[in-house]
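Labels run A, B and C following the written order; every chain starts at residue 1.
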Amino acid sequence: MPNPTALTPYPVTITKIVDETSDVKTFTVVFDDPDIMDNFGNLPGQVCMLSIFGEGESTISITSAPTRGKFLEFTVKRVGRLTNIMHQMEVGQKFGVRGPYGNWFPFDIMKGKDLFFVGGGFALAPIRSLIDYALSEQHRSEYGKVEILYGSRSYEDLCFKSDLFERWPSLSNTAIYTTVDRGGDNWQGRVGHVPGYVEEVAPSPENKFAIIAGPPIMIKFALPVMEKLGFKNEQIITTLEMRMKCCLGKCGRCNIGSKFVCVDGPVFSLAQLKGMPQEY
Amino acid sequence: MMDVIQQLREQAKKLLEEKKVDLVIGFGQGTELARTTPVFIDSPEGVSKLTWGPFCANNLAKYLTDYKNAPGNIAVVVKGCDSRSVIRLLDDNQISRDKVVVIGVPCPGQLEWQKVAAEVKPGAVLKETADNGESFSVKTDAGDYSFNKKDYMLHRCLVCENPNPVVADITIGKELPVKTYEERFAEVSELEQMNTEDKNAYWDKQFSRCLRCYACRNVCSVCTCQICVFDQMLPMWVSKRTNLSENTMFHITRAFHVAGRCVDCGECDRVCPMDIPLRKLNQKIHKDLGDLFDSPTPGSKPGIPSALGEFSPGDPEEFM
Amino acid sequence: MEARVVNKGQLPELLDKLAKDYDLIAPVQEETVVLFRKISGGKDAFLEYTNSDVSPKGCFLPQNEKTFNYTYTGDSIEINKPEGAQKAVLFGARPCDIKAITTLDPVFEGEKFGDEYYSSKRENTVIIGLSCSKVLSTCFCYAFEGGPCDGTGSDLLFTEIGDKYYVEVNTEKGKALADAYSQIFSSQGADQLAKDKEELAKKLAGEFVRKVDLTGVKELLDNNFELAFWSGDEQKKCIGCGTCTYVCPTCHCFDIFDYPTGDFDGARLRCWDSCMYPEYTLMAGGHNPRPSRKERVRNRFMHKLKYHLDRYNMVGCVGCGRCVRKCPVNIDITKIINDLKEVAQNA
């Protein structure tokens, strides 16, 4: 019997807050009930509904890989009332979480392949769970080279700086490419848009999967670059955003054709997307 | 009505052929004998869809705001009540006068389609309608029917102020005699005479049925706010919850929001799926506007400023 | 299949008994409108109706549902869920509306996650259907595998034959109820009435005047998302109200939001919502996948005629005709089906 109490959130306590940028924070939380934490079973790509009671709920992807430990990380951009309240919370405080929802990255079929991640702005968060999963001790040997190409508007807008500049580069067979749209005094690296950088790096589609997430404008320009490089639609994986309320495939609003983004997604291959109505 | 239909089609065809308008919005045969549906005709060949009769209840002026930024001109078929909306929209600068060609049709009244359908053989096809003064005759392929106006017309038609459109670039059909009514606000007076408790109970009963489908608001030709206060998230004046408190607030607030601009076309009342007598709220305000400010029904005379929408330094009371 | 007989004269008594032992929900007339409400006795039930103005889906998916009360201070969270559903009887729903409830089952109980609020009501409610005795010009249940005397989804189905009701016992739940009130549910005479019921069903089947032909429509929609048809009159005349979705017995979209009653207390509510509203799919950043009427009108009909069928292998419309009756501008799904069929044929 499918979990019937699916609309009930469970309390979590904030154990750590990282200021990624001026309007993005990453919250590390643990369920108050250790049983729930132990058995949560989230997989890379899945999302949760976060409850700030009195304001409502928000769908946030789990940015941490389950391999990193018994906790959940949510990266939250301050865009409205609910996220504003979250940004004012402190370590030790609580909110509600229910999940995990949605499908996950098809890490099984990616085994044995190289992984090329392309992320823009805030949208590195949803694919970070797969990055860490592939780079984890338990699963590193299952994947080949891991390359991460990421860009944002400026140095200040880069999320996960400690991962980009300290943790990930220290791992073997891993390459990080970072770029910013606008340079500045504290940035000595590449300046330019993400799609252009992808064209420059020119990853070969041979034995590879490309995992892309970013604002619609970035995706719009990045996808043709990938296609030009020879990536087939089945090799390009992305994760979508939609307005969601139930995350259970019931409230109806997140549908793209006959599919619900909250149940059949948010992870889709480009091949799947091309077979769906272009209404997202 | 056949000659009106004929002329309507001819005039519409002419407007489209001469490229005076890009679009004609009119009434077309609906999917029930006693219904019509709005049709949007953009080519001369399409004018054969146009029809007229006692089943043309919709206020098509509603659609003018959809086309206010469209490149070409629009022609719209209006009855008397609908034409008041046109005046109101023009006076509110919602659409510019030179963009609209008003095709006015004097209207002897509109029938309530559900009442007609209950009498007519299901599946009958409409052949012809005619106005016989006290009644309408409806000829179908399954027989001929007669519907007396008193029992079968829409409520609002029983006290019709403007059988002839108050504005029209083209008038089709004969002008009709204008009636005056002593008891125009009879239903409002009835309610006014109730004590507070009974009035409350009456409206509680009505509003408790409300689904908050917003058909009344969406069909209203003068509800033109780009973001309706009831759709706002911040602050959330009403939620999606239907309880007496929110329903009452919605209806009374809306009645006040359109006060002074509502043209009493009665569409809100017609479209309510729960048969809430919404027009009584607006009628109360119309009665008060008449009593307090000598104000005629908005839209019934072109160029008359809205009683609640105008301020002049000579007004006896302060602005706010 | 088992059957019983109930004398018409005994129905008020039965309803009185049911109202005492259960939450009895039946059609009632409020002025000119027929709704489903909880009644306290047989005298309140109004059964001489063709179909109600709002469907009985509210028995299982109420327009307003409190999922829980909360007290939240930021440092502590308390959640109190309401008790499960009481035992109830839904009496007098028409076959189309009962079929519609079965189309909601896969949504609430068949997806990856269940729904305790829906399931609790579903489990605890006995559905007693009432066959139609008249077909309206707006009815077209036959087009979606339904019928005026169809028992799909009902635990018991009453069909009025003369001064008796022929009662089909369709499930164990129904049998248990019929047995519990065996003084009223008689086992005698059922066989004779069975034939009468078949005659009635045949007679009513001949009374449909709305011709609906779905041939080729699904295939057309399967293969064409962009059709010039969707830019035509239907979306131009639609005023974007939620009437069709709210009166529809198969629509199930809802919103979830918090309703604070104080600084720390409040309730989380689940209330009906409509895909016809612009903010339905509006995202936080301002992007809207269905920005105009055209997309929303197309989505509604594709959901009814294709998406629901794709997902659950069940029709998304039951032909009750409420949307046809209630639409302020006479948008008619049967016309849309027939127009699409023409588009398919001309392709």
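Keep in mind that, in the parts below, contacts are C-beta pairs under 8 Å (C-beta built on N, C-alpha and C of every residue); 3 or more make two chains touch, one makes a residue touch a chain.
Note that the structure is predicted; figures quoted are calculated from it, not measured.
Asker: Where centres are the averaged C-alpha coordinates, which chain has the largest centre distance to chain B?
Answerer: Relative to chain B, the chain with the farthest C-alpha centre is A.
Asker: Which chain lies at the heart of the structure, taking centres as C-alpha averages?
Answerer: Taking the mean of all protein C-alpha atoms as reference, the closest chain is C.
Asker: Taking the mean of the CA coordinates per chain, how far is chain A from chain B in Å?
Answerer: Taking the mean C-alpha position of each chain, the two centres sit 52 Å apart.
Asker: Provide the C-alpha centroid distance between chain B and chain C, rounded to the nearest whole angstrom.
Answerer: Chain B and chain C have C-alpha centres separated by 31 Å.
Asker: Once you find the CA centre of chain A and the CA centre of chain C, what distance in Å lies between them?
Answerer: Once rounded, the distance between the two centres reads 39 Å.
Asker: Hey, what residues on chain C touch two or more of the other chains?
Answerer: 255, 257, 273
Asker: Please give the residue numbers of chain A that touch chain C in the complex, ascending.
Answerer: Spelled out, the residues of chain A in touch with chain C are 1-9, 11, 52-57, 79-80, 89, 92-96, 216, 241-243, 245-246, 248-258, 263, 277-280.
Asker: Contact residues on chain C for chain B in the complex?
Answerer: Its residues touching chain B are 30-33, 35, 53-54, 63-64, 135-138, 207, 209-210, 233, 236-237, 239-243, 245-247, 255, 257, 259, 269, 271-274, 277-279, 324-326, 328-332, 334-335.
Asker: Sort out for me which residues of chain C touch chain A in the complex.
Answerer: Going by the criterion above, the answer is residues 67-68, 70, 72, 74-77, 79, 81, 107-109, 111-117, 119, 225, 252-258, 260, 264, 266, 268, 270, 273, 275, 280-285, 287, 289-290, 295, 299, 302-303, 306-307, 310-311.
Asker: In the complex, go through chain B and note every residue touching chain C.
Answerer: Touching chain C from chain B are residues 30-33, 35-40, 58, 62-63, 66, 114, 117, 122-123, 205, 209, 211-215, 217-219, 231, 233, 239-243, 267, 270-271, 273-275.
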